[in-house]
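What follows is a group of structures, each given as structure tokens.
In the two assemblies presented below, chain A is common to both, partnered first by chain B and then by chain C.
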Partner chain A sequence: MTAALKRYGVGILAIAVTVVLFVIPLLFMALTAMKDRREANKLEFSWPTNFALIENFQEVLSARRFMLVTAFINSTILTVASVAIMVILAAMVAWVLQRRRSRWNPLINFLILSGLIIPPAVVPTIWVLQGLGLFKTLPGLILIEVAFGLSFCIMLFRAFISTIPRELDEAAVIDGCGPVRLFFRVIFPLLRSVIVTVIVVQSVAVFNDFQHPLYFLPGDANATVQLTLFNFQSQFTTAYNLLFMNILLITIPPLVMYLFFNRQIVAGMTAGAVKG
Partner chain B sequence: MTTNTTVAAPAGRTLTAAAPKRRQRKSSYPYWFYLPAALVYTTLFLVPTFASFFFSFTRWNLTEFTWIGMDNFVQFFSEPALLKGLTNTFIYGVVTSTLKVVLGMLLAVLLTSQIIARGYLRSVIFFPVLLSSIGVGIVFTVLMDPSRGMINEALAVVGIEGPKWLTDPAWALMSVAFVDVWKGVGLATVIFIAGIVSIPQEYFEAAKVDGASSFKSFWNITVPLARPATATVIILSLIGGLRSFDLIWAMTKGGPGFTSDVIASVIYKQYQAGFYGLSTAGNVVLFLIVTAVIVPLSMILNRKEVEA
Partner chain C sequence: MNTTPKRRWPVIAGSVTAAALILTGCSAGGGESSDAKTITWLVDNTENTITYAEKLAEDFNAANPDIKVEIETRPQGGDGDNIVKTKLATGDMADVFSYNTGSLFQQINPEQNLVPLTSEPYMDNVLDSYKPVVTSGSEVYGVPVGTGSAGGVMYNKKVYEQLGLSVPKTWDEFMENSRKIKDAGIDPIIQTYQTTWTSQLFVLGDFANVAAANPTFAEDYTANKVKYATDPAAIKGFEHQEEAFKAGLFNEDFASATYAQGLEKLVNGEGAHYPILSFALPEIQVSYPDKINDLGIFPLPSDDASKNPLTVWLPGGVYLPKSTQNVEEAKKFLAFIASKEGCDSQTEAVGANGPYLVEGCDLPDDVPAAVKDMLPFFEDESKNSPALEFLSPVKGPALEQITVEVGSGIRSAKDGAALYDEDVKKQAQQLNLPGWN
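Right after this comes the complex of A and B.
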């Protein structure tokens, strides 16, 4: 009897609390994005009397000469390129690091941990980028995201590679595989599941990144989606419907990722929780 | 250390010893695999980090610099606006981290117990982790509007007069911290769930047979055995909390005045104002704080784990 009470009572209470704390704010965002300007500015949690979903959508897209469209293109290029580079470089490092013991390993491990902990130095990074001619360019930002994301990827890959038996490498070597073929044809395909995890977690991170585009890729023509929000915030202070429509639009890619890769996202983010 | 590795190295190579001599020198795990990653990491992370130590002692406009010694740091610790950022960084880090640990642990216990709708609860609590900080910040800025915001209107219905949240200097930083917890508690929860699920069920059964209350088995079994998860949550949320910038920038921009500034927002403000040397000094201070907090803490958390 008490077990049933707990099962349903506590469960229903928890549902009620999460609806208030989590569902209502998200619903508020979606509803405001569907209202017309006058109604949205009342900031009320109510069903829209005058649906303006399509109009808001069009207006947000075309605002400031289709800046949001440009931003979506920029963000897509940034995310795809940086995650692809990150995955390949990190897997290469993790594989050699896990397989080959050398006196360099402690130093490399130290550098990987540093990458997770140390906050990047902003202005000196700009200074370096300027020296290379990459400041305010998309390739520059792509390399920045790669540099800051490598540590996390290497940790995940290394943990997974330690579960692949060495005998496999040896068999391939005896069959005459060179290191490049061994890695790209034999090992890399075996990493598939962890690669999916890394791709999903890092693409959400890069897509949602605000600070690095703000510093290293300023300018309207180069805006990424997170920066459009920031730019619209000042422009749309009197048009919450458009601001919220913008938020809604840039929430869709992570939402889709979550619907399809729920398990991988959680796996990637909780890695290390059990073993420490 | 070096003797260790020189002993270990031949042991690793015995496998290829049977192969012809040419093979022996060429490992199947070539060092040049490190090269591309090392190049990017060194140029864009290590070089700027080392350069920051030098430039923090200068007045700097990216092309020319003059050495001014400790002036930047003196200014950092004497100007009230900058000092406030320093203390706020600690407060913000500790508050968000503590709340995430406590709430995350409780939610994880709840979600691993036999209640209905666990799948829904887990999804809805985790989802904000994937949202953009700026988006969340803007939505909550609207919800926390002192007169028209939903939060205060809801509190008014119950007869409570809510604080002015983001516009009240005493509440601004805490308000942002609450939103940070709202957004991040899902991650802490799934980490704790992973930790709790890995505890062998026999312990709980044995405790039940011995007549332990559910609180007792939580305190004496779950808490100590979920320690690796706790350590992960503390370290991750502290690193995030001490470095946090996005939410604060989206919600208050450090205001009102500079009452909710943290070091990361000070760095940005000084950069915008063109004080590159001072901004870099801020980076060095942040670096020192994060290292001074995280390194000893993770050593303590990991050491005790070995003892237990």
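Right after this comes the complex of A and C.
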């Protein structure tokens, strides 16, 4: 008995904690999304007496002239584009920083670090965007997301690149490889696991971002999924059934991503953790 | 590494540029070109607001086919305030926008940001009692949209009927009623401190009594001449909350209950009184349409039975920012909002949750019972007073935390009032009001 407890006790405890922390909230969300408004407002963890799943789904989808559909399209473009740019640019910067030592390095490192530390200010950023004619456009917001995510990505990439032997670069150069080809053909494929990490971490961050779309991409035509949550929630009236249905719908894409990339994510996490 | 041929770099530059160009093509939406002019209207995202806003836009478009109104939304609360300020600061505001009146209106720099409407013909339709809260300096800047509301005690009429009680006119009668209700096994006073703002009603809803006792309170308060802690009428709100807690009249789960749960208790008769804003009516109408007429509202009682005035919340205003390009069209729209047709269109969309502040607007006969309770107070100016936030820009951010403490017995009424006086000091100094430095 004690032997069995010793053997499985920790595992069972871990499972119990997981259930409490992750499964119960998810279940609560799903249950509330099935209730009608009156029952949902009680916010109780109970089986719905009156199933309204289909009605809620229809109402959420068609609210504000199918805003959720537009929002999903916008969020997808935003996430894919900004993460793609982040991965390519961050890998390039990290590679150069890691391989080519110069007296500019401390300054560049400081700039990267300040990207993580200094909080963004809204009004000046809008001025810059207005000056560039990018305010209220998706490309403008993509650039903002890239700017805020880039520092973190560079740090991840740099730590990983330091584990790739320099001899590989040298061999390729001796074989007549130019820098662009060297990067895309030799280095970039080697970064696979850390690229997956960056993609996962940054897509979730960008997809879940609420504040930047709120300030930099106003207007109903430009809504992203997180902004649609505000359709159902306000100070004096809140439709919890619709709110949770909406949350459920926008939780699905990241969830699916985690299910598919589970193994790579774990591999990538440990790969990035090696000190350089 | 030194063998790098330089000419490779343009390749990267080129591919980045190409990527940027492709992305630019992805931008959502696009201008539509037609004869109709489109103006935008920024409103908050309450279900109620959006419903009447869309109806107003639709009806306005029917009356003026060449102007289309597009609704944009923003969140409420602190985020919403920031959005409005940001948009005004960057000149990116919609053609017309809805925003609070009173102290929050003063904070968006009306003289600098808004087009004055004082001399517009449709301002004659706006009731005079509304104009002060959208006035800055000598100019009026907004027209009312939505209905007036009240902060008072919402009560369950069924419970009152069963126990044979009558609406209390004084605080003592209110406490007397509450004790009888408690003896009958019903929670006398509902408090919901998880939704912190609901805790403030004992203080904020009591302001009409303060104003009745001391008509110049708001002015003196702005000028730092009176204090909540030292004014005998003003501290009553805090004291009443403390007294009710000490008498054990709150529902048992007052500390963790939410606003939605409070409404449910009240509607189902598990609780009898709920000091709240009548903004709750639209929510009740959606969630419990069959029970809306069980509810009534009365002012927070004071010690003086002869006065018993109601504290009212004036509706938000619609303003015209200086940055708009479509002044003529926007003004036409404002005129429509401040007209009988405008009110009718709102009533049709969401029903009337209180009286309008536009001349000639009638309420339909089937308004909820609580709205009928409010009407006599609105009709007689001596029987109501706008809440303090409409009369004075001084409002501390921590009132809701303080009233939670007072209502939970953590802090005494006197301490709470004194702490609130400290709290408003910072804000008054920030606004650079005379008498605070």
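Descriptive notes on the structure:
In the analysis below, the second predicted complex is superposed on the first by the 224 of 276 C-alpha atoms of A that agree within 3 Å, B and C clash if a C-alpha of one lies under 4 Å from a C-alpha of the other, contacts with A are read in each partner's own complex, and residues count from 1 in each chain.
Here is the rule we use: contacts are C-beta pairs under 8 Å (C-beta built on N, C-alpha and C of every residue); 3 or more make two chains touch, one makes a residue touch a chain.
Keep in mind that this is a model prediction, so the values were computed, not measured.
In the superposition on chain A, A:187 contacts neither chain B nor chain C. By the document's definition of touching, of the two partners only chain B reaches A:257; chain C does not. Using the contact criterion defined above for the overlaid structures, shared-chain residue A:179 touches chain B and also reaches chain C. In the superposition on chain A, contact is made by A:7 with chain B only, not with chain C.
Once chain A of one complex is fitted onto chain A of the other, the partner contacts of A:245 are absent, as it touches neither chain B nor chain C. Touching more residues of chain A than its counterpart among chain B and chain C is B.
Once chain A of one complex is fitted onto chain A of the other, the partner contacts of A:68 are absent, as it touches neither chain B nor chain C. When both complexes are overlaid on chain A, the residue A:99 reaches chain B and chain C alike.
When the two complexes are overlaid on their common chain A, residue A:119 makes contact with chain B while staying clear of chain C. Legend: residue contacts after superposition of the two complexes on their common chain; A:144 is shown touching chain B, with no touch to chain C. Across the superposed pair, chain B and chain C both touch chain A at residues 42-43, 92, 99-100, 122-123, 126-127, 130, 169, 173, 179, 214-215, 230, 240.
In the complex of the two chains, the chain A residues touching chain C come out as 37-38, 41-43, 64, 70, 73-74, 77, 81, 85, 92, 99-100, 122-123, 126-127, 130, 135-139, 142, 169, 173, 178-180, 214-215, 218-222, 230-232, 234-240. Against chain B, in their complex, chain A makes its touches with residues 3, 6-8, 10-12, 14-15, 18, 21-26, 28-29, 32, 42-45, 89-90, 92-93, 95-97, 99-106, 108, 111, 115-130, 132, 143-144, 146-148, 150, 154, 166, 169-170, 173, 177, 179, 182-183, 204, 207-208, 210-211, 214-215, 225-226, 229-230, 233, 240, 243-244, 247, 250-251, 254-255, 257-258, 262, 265-266, 269-270, 272-276.
Within the complex formed with chain A, the residues of chain C that make contact are 1, 3-5, 8, 11-12, 19-20, 23-24, 26-29, 44-48, 50, 70-77, 79, 82-83, 86-87, 89-90, 92, 197, 258, 260-261, 263-264, 277, 279-280, 282-283, 286-288. Contact residues of chain B toward chain A in the complex are 1-2, 5-6, 8-9, 12, 15-16, 26-31, 33-34, 36-38, 40-41, 43-49, 51-52, 55, 60, 62, 110, 113-117, 120-121, 123-135, 138-140, 142-143, 145, 148-150, 182, 187, 190-195, 198, 227-229, 231-233, 239, 243, 245-246, 249-250, 264, 267-268, 271, 276, 279-280, 283-284, 286-287, 290-291, 294-295, 302, 305.
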